[in-house]
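Both complexes below contain chain A, partnered by chain B and then by chain C.
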Partner chain A sequence: MASQTKSRIIEKNKLTELLDKLAQDYHLIAPVQGNNVSFRRVESGSEVTLDYINTVLSSKGAFLPQTETLFRFFRDDSRGFRIETVNDADREQVVFGIRACDARSLRLMDMVFDGQYKDSCYLNRREKTTLIGLACFDHAETCFCPTFGIDPTSGEDVDILFSDIGDRYLVEASTEKGADLLNRFSEFFTELRGDEEQLREARKAGLEGMKKLDVSNIADKMAPLYGSDYWDSIGMKCLGCGICTYVCPTCHCFDIADVSVDEGGERFRCWDSCMFPEFTLMASGENPRADRKARVQQRFFDKLKYFHDRYGELACVGCGRCIRYCPVNIDITQIIEDVTSGKAGNE
Partner chain B sequence: MKATSEEVQTTVKKLFEAGNIAHFIGYEKGSYNLRVTPCFLKSGQAASRLVWNPLCANNLSKYLLDFKNVEGKVGIMVKGCDSRSVVELLKANQIERDKIFIVGVPCSGIVDKEKLLEVLGISLGEVVAVEDDGDTFLVTLKEGKQRVEKEKVLRGECLVCKYPTPVVYDVLLGEAVSSLPWVGDDYSLIKEQEALSSEEKALYWNREFSQCIRCYACRNVCPVCTCSECIFDKKAPRWLSKANNVSENLVYHLIRAFHVAGRCVDCGECERACPMNIPLRSLNKKVEKDLLELFDYTAGIDVEQQPPLTTYQVGDLDEFL
Partner chain C sequence: MSENIYLPRMATIQSMRPETIDVTTFRVTIDGSDGAGKFEYKSGQFAEVSLLGVGEAPIAISSSPTRPEAIEFSIRRVGELTTGLHELEPMDEIGIRGPFGNFFPLEEMEGQNLLIVGGGIGLSPLRSVIFNVLDNRGKYGKIDIIYGARSPQDLTFTSEYKEWQEVDNVRLHLTVDRGDEEWKGNVGLVPTFLKEINPSPENTTSITCGPPIMIKFVIEALRELGFSSEHIITTLERRMKCGVGKCGRCNIGSKHVCLDGPVFTLKQLEEIPSD
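Showing the complex of A and B:
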């Protein structure tokens, strides 16, 4: 094992070629510059960009695609309906460039999809995926992952960690899966020169001043705020769009529907958002979360209490995407501070 | 003279004191650099929170819909473009003129944050404030100040804005701005797109719509999207599948573009809100151009003028019949 997990380096000018090779052998999901930088499937290394602090869309789509066909059905002349399963999750995939926050979010989603009920679609993808992390040595204004005990330079939740240390990447495998992949492409990697650890430490200066909030007993502090006027002002401001939930790496709610044309069709599932009114609309016409206040309250209760009640963790990794992309500047760090300081509830 | 935050604060405080308003919708400092956020006041005491600066992008008029059944007058702060969507809301009988008190502010352009950071080559954390200073923005950094030419960092809609001064208001703060020096042919980009072949247009828009995540931010932020139940949310019948694919996304965006035809005032909120940077304004701008050419119509100018697509006259074009 020790030799398998040995640290190595890769010269920067070899990275594109490595990614090309990975794209040939695996479904490679990596940050791509489209209208913004987001994780997408790539065919070659040259499509990949490394010019981002974090992507707009996280890599959750590689495990829970925005839309995925579960099965197809056809009318059968003799026996009614015929069902055909879809196995597009069968290929091995590699996610390259994932940050520590997004990697942690997968661990949180595992609790949901690998809990009492096993979600085969998600778990298949998880099992067949090798995660290659990219350590952060810089942070955005909106980043606050240390709040949740995440070290943005660590490879805790990935199989392999790449750390940019100037002219090369320090490459460390932390799982057997990761070590296997490195062995398979061993021609790209060389021995350490000796100064890597020092270079990495020096780069950590870029992370100074990162926001770290105290969330130690926030779930308890949330409890009395159910129905509080505090949510009025936030609900007032909220537009009710789904940006925060769709860019969130831990939000995982989905809907299932059938679409049929003529003699056949398919059942698919797709992302859904608790920010949408129809999310809780019942067949009777009753909607238990009828207004924006109720929906906003739900979102923050889920992040900061309900998920914790169920799984013992908060459903936030501090990636800051919801803060950055909210058109009206609803900021979860402000809410956390209001809740922990007692400001919320004393309006 | 330009309106200042202090002027806004004093005005709003007086309005509350005189009993002219019971609520006020304005802007306040956001939670981090380069952000402002909508602010809702119930009394004049908190008026000192209000700000007015070139970061006040949000079109607040959408929030007027939430005050329909609220007691008392609602004061609101509007820029030129925002005032035009207020006109559209009045036309559509969504709000009553005597229930609102409009504080107009002439606007000389709003900053596009991404452009600003790129032009200055700095990160968000380094910017402290941005002030309007004529043809330039004066940017206060953590260390020192820098001047940036407006044209380089303005939002797209501000580059083609013909109505910098509110068209409707009860009080106007600061001097009216009749025109903005950088505004020329506001349809030059649309003309370029019109010149493309059908195949090229399809290629372009399919690429854009394939990136749409259907978060509906463009719809929800849109001041003229006022239906109490949106066709896209209807479950039975389900007009639009929740599946995310180019075909459904295209239907979504085209229906929206036609739905706001003759009502869109190019406030740019859809494009600003879009996390996927889809150039939504181009769609609306094309429809706007057609309406101007076919019906000599511009939205959001005159409360008495009805959108051509919702009215009928005997002499209307009918060559398609």
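Showing the complex of A and C:
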């Protein structure tokens, strides 16, 4: 196995052809330029763009689709139902071009969907998917993944890492699954020329000045801020549009609902957001998080404390999407700084 | 691959017993079994009850596992799903997922007196406890049940009170917010009535369920009566879509009501934020 996992290179002009082959053999999901760059299913390599710092939506939809049928049902002759399961989670999938932040977010989502009750829809997709990462050598102003111990040039949470080093990509498999895929398409890959490591190091200059905040003990520092006026000030700004949760790679909340026609229908789940008042509204009319203050407080407490209490990790990967797309400039890095500096408690 | 945790088991309605104008007890058996089947639950747990095509909601189990001939849900008609359920008839099929959540620590409470305090439809999960302890009568001391509703017509499970009260050392104390010409019992709110009855906290655990505002004042009353926060147990209601800790909406602090609850001691609740 050792010889199979060693690093290779692929010439840039061969990449489209490789992606064509991947699209033939797998359900290939890759960044596509539309109104913005987002992960989509592609049929050929020419559809794929590599011109992005990060995609607008993360790749979470490849594992937790925006809407997903859980099962279908049909009314039978008597007064009962016949249920049919759906098995599209069983196809082999490749996600190409995922950044280190999004790859880490999958590891966090795994903690939610695994456990005592296993969410087979999500977990099957994870198991059937090979992740091909694309190292970052540039960053947006909003990027702050090093805050969470993420090296944006590393392949820690992917199966294969591609690093753009100029005229070629350095290709490194870090799992058996990744090595198997490289072997299967070995005709595309060639031996190292020897200067790859040097080229990669040189490119890291583009990451200088990236934001790295101190989040040590932040969960403890959040605890006394529950109910603080600080959240009023954030809640006043918030429009409750929910974009932060939709673009967030670690937000995993969903709704379950039915659609029905005369003879049957389906139960599906779809992304939902803790920013919406209906999220927690009960049929009785009771709503434990009835105001915006309670909802923004919930979101930041979940990211910076509750998830940590449950799973031992903070539920943020520093991708910066929520900062970039928030219409009223609510900035999680500012909130982290206010919490760690003690400013949040003194408002 | 593992089983789809969102797939309900189908169950057939054997009977529907109206309790009040808007509460009905559904007695169901799991299809392919002659009763609760492999649906093994404990008092205090809930299930996700489905009407396919309408939806699914978390509903407390109101029957006791000591009576495995059927599973019962006592459901108030309040939203879209519960209205749909009320329109069903015996022999119709519903879906059930579960049982989910934790349960009342009845084993730990053996040898103690029980104080059961309910309001309105909140008596439903407590009824599971009542039948459970009545079927294990020797294991518990004195049992006091304090129950109230808005009016005499809103009292649930009235046809069972006789059976409960016939058991040795079980006392049922009823109250209503507003009486009528025929009502001879107490008129007043549950927390006030509780203080009037003045139960001793000695070797006693209290379990309470009802509307949130009632629970709040019952807890205050219990504290005044000298109950410690370890011996005040309640069960909470939240919107719980998945029932299994994934969908993210039922948390109170870092606790998921669907996994870590719905049953909590006051001591546990004091340690988490009060959403």
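Everything below uses one rule, namely that the second predicted complex is superposed on the first by the 345 of 347 C-alpha atoms of A that agree within 3 Å, B and C clash if a C-alpha of one lies under 4 Å from a C-alpha of the other, contacts with A are read in each partner's own complex, and residues count from 1 in each chain.
The definition used in the following text is that contacts are C-beta pairs under 8 Å (C-beta built on N, C-alpha and C of every residue); 3 or more make two chains touch, one makes a residue touch a chain.
Since the model is a prediction, treat every value here as computed from it, not as a measurement.
In the model built by aligning both structures on chain A, chain B fits alongside chain C without clashing. When the shared chain is aligned, no partner comes close enough to touch A:224: not chain B, not chain C. When both complexes are overlaid on chain A, the residue A:272 reaches chain B and chain C alike. Touched residues of chain A, counted separately for chain B and chain C, are more numerous for C. Of the two partner chains, chain B is the only one that A:333 touches; chain C does not reach it.
Once the two complexes are overlaid on the shared chain, A:255 sits against chain B and chain C alike. Legend: residue contacts after superposition of the two complexes on their common chain; A:281 is shown touching both chain B and chain C. Applying the stated contact rule after C-alpha superposition, one finds that A:34 touches chain B and leaves chain C untouched.
Look at A:56: by the touch rule set out above, it reaches chain B but stays clear of chain C.
In the superposition on chain A, contact is made by A:140 with chain B only, not with chain C. The superposition of the two structures on chain A yields an angle of 90 degrees at the Cα centre of chain A, opening toward chain B and chain C, reported in steps of 10. The gap separating chain B from chain C in the superposed three-chain model is 6 Å, by closest C-alpha atoms. Residues 255, 257, 272, 281 of chain A touch chain B in one complex and chain C in the other.
Listed in rising order, the residues of chain B touching chain A in the complex are 30-33, 35-38, 40, 58, 62-63, 66, 123-125, 208, 211, 213-217, 219-221, 233, 235, 238, 241-245, 269, 272-273, 275-278. Those residues of chain A that touch chain B in the shared complex are 34-36, 38, 56-57, 66-67, 140-142, 209, 233, 236-237, 239-243, 245-247, 255, 257, 259, 268, 270-273, 276-278, 281, 323, 325, 327-331, 333-334. On the side of chain C, the complex with chain A involves touching residues 1-8, 10, 12, 31, 50, 52-57, 78-82, 91-93, 95, 211-212, 237-239, 241-242, 244-254, 259, 273, 275. Across the interface of their complex, chain C is touched by residues 70-71, 73, 79-81, 83, 85, 89-90, 112-113, 115-121, 123-124, 226-227, 252-258, 260, 264-265, 267, 269, 272, 274, 279-284, 286, 288-289, 294, 298, 301-302, 305-307, 309-310 of chain A.
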